[in-house]
């Protein structure tokens, strides 16, 4: 038997095994029960519009505030990490290692409940504690992404800017950082999506009717309706937000590669 | 060769019989683990279920169910779950019984099978000691934030009875609630009286129970609807303990003079 | 005696333990075009970069128009505006148009108004022959065009002297000429220039002086004709033979 014939036979065999396996699984599943438990149409309809107008909205609010905060924090930390002043470098390194090494849930609990109790400081605003905690965590990840971006800008750019008489600060602001950001847009979008998903952890700090985010909303539905459909609906809403973003980034990367 | 075959056959038969018997022993109760009563609980929830410094399970619920398990000749094993939806866990196969200071409600009874009631509970409002002068009742919580645990009867009571402009904040677990009260994030906690009282007694400088609401609610153990044999057995043990003073013994330990 | 635009005294430069410049004395006079040649690793680029303090000298002095550039208290940014620098790899700012490349430093460093900066920019683009590219992005230009824009960018700051670090080494051969033409024009207009280069033809036609550097020291210095036709040192001869092999 030639090599090609053999590989063809193997491929056919794999197809057949897969089809048999799927058929067996399909037989084993009680489809009506599954549909009732996960895709109950009436319950699914009941989720709207609050799953969008309240739950998804809150998820996006937490994401927007948290992401903006983490961007600012990340930029500051990245610049500190690259600084010639040693205490700045040390502080940034320690910060980054700490918050990248802790589970986000732990940090959220610490910032939202631990610190206020220990210090007596109150965090004002309904969205603040959760968004702040997310910003603190993701600021650490952003810092590394942004730093990589800044370091990816060719050295010659800074040299040219300084040769024209620009100060380090002006060169950074007008020449280096704009280019760095263009470079890091794909990884940053991934951070954005990760942050969006981690808004699901915020409910550990307590939710009011105003601040109920998507996962909490889905979970509440499951408990009180004894049906998993609300969670499936919440999941689909998450995907509706994250998948276009991932696709969009892939497009951006493709276009950037062509332009080069 | 023939003798070997004979031995093998015997071994197989013995194994089959033994398995059948074992199944028979736990088969009635449909236990998740043979010879063991596996319970789900949301802990720590003093004074009902918590672990002491050595990690041993203690508390009113735990001591009581321990006695019941002994009476049934079963070992006791404890798993921890979040409270919200915990009454669905036996059906999901995570445990045999929910032992978690759980109030018997019509809603929950639709999805789970409750034992006879084993404790009379009330709801209550816990506040910071510093607010003792101003917040004397639930009505005083107007414009304030009340913490409740998701899925509890306390949450339902608060929704039904709190002032219209009070904000309700729902938490997954009591620990976060107590911290939030202390930090000023919320102004009061509405939950079971024994739990609030326990916290106030442990930390009288910071917390105080300001109002008690007689709701007539009662705790029960819960299991899946099909474990009728288990519930019957538990109910009969419970009755035994009430009759022979075992129940009072546990009660006095945690609620002296109550 | 007028102050020389560039004066380098006993310059030493170490990279770690490696001594790249071993005591260089060097000078460029007003309106002079000095071409610096030498094998790779000789330190000629390091010398030029030290003059702009893109590399920090380890020891020695550098005077730009009489001012001590190596003084730790020197206003480096201000002195750099007097020095125009052209790099081997152009280093245009890719996220800005040609016009923005030319005006950004004028506005931010020299504090010129947008109108003034734009006027100067257009004039400099005329000098290098690229006025039609004013709104293009650098990525759309050929290498030769990019380098000419880079020269215009440096000229926009009205420098007193210009440094060229192997300006044509990264260009395809057919594009070299357009850049050298611009540089020749600059020289004819009296610009003080220091050019590190391999282009011997340019050195002979435009250069006032050729300096041969090898192994971190100035080996020989003379007029282009003398150096190229009549090299005194053995090392110079060897180098010229290797370069002009074909």
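The first chain written gets the first letter, and so on, giving A, B and C; residue counts start at 1 in each chain.
Everything below uses one rule, namely that a residue touches a chain if its C-beta (ideal position, glycine included) is under 8 Å from a C-beta of that chain, and two chains touch if they have at least 3 such contacts.
Predicted model only: the values in this text are computed from it and were never measured.
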item: Chain nearest the overall C-alpha centroid of the shown protein atoms; value: A
item: Remotest chain, chain C as reference, centres from CA atoms; value: B
item: Whole-Å gap between the CA centroids of chain A and chain B; value: 36
item: Averaged-CA centre spacing for the pair chain C and chain B, given as whole angstrom; value: 82
item: Whole-Å separation of chain centres (CA-atom averages), chain A against chain C; value: 48
item: Footprint of chain C on chain A - complex, ascending; value: 154, 156-157, 159-167, 170, 174-175, 178-179, 182, 259
item: Of chain C, residues touching chain A in the complex; value: 52, 54, 77-78, 80-81, 83-85, 87, 89, 91-95, 104-105, 108-110, 139, 150, 153-154, 157
item: Interface residues, chain A side, partner chain B - complex; value: 109, 113-114, 116-117, 120, 122-123, 129, 203-209, 219-220, 222-224, 226
item: Interfacial residue positions of chain B with respect to chain A in the complex; value: 84-85, 88, 110-111, 145, 147, 150-151, 167-173, 176-177, 179-180, 182-186
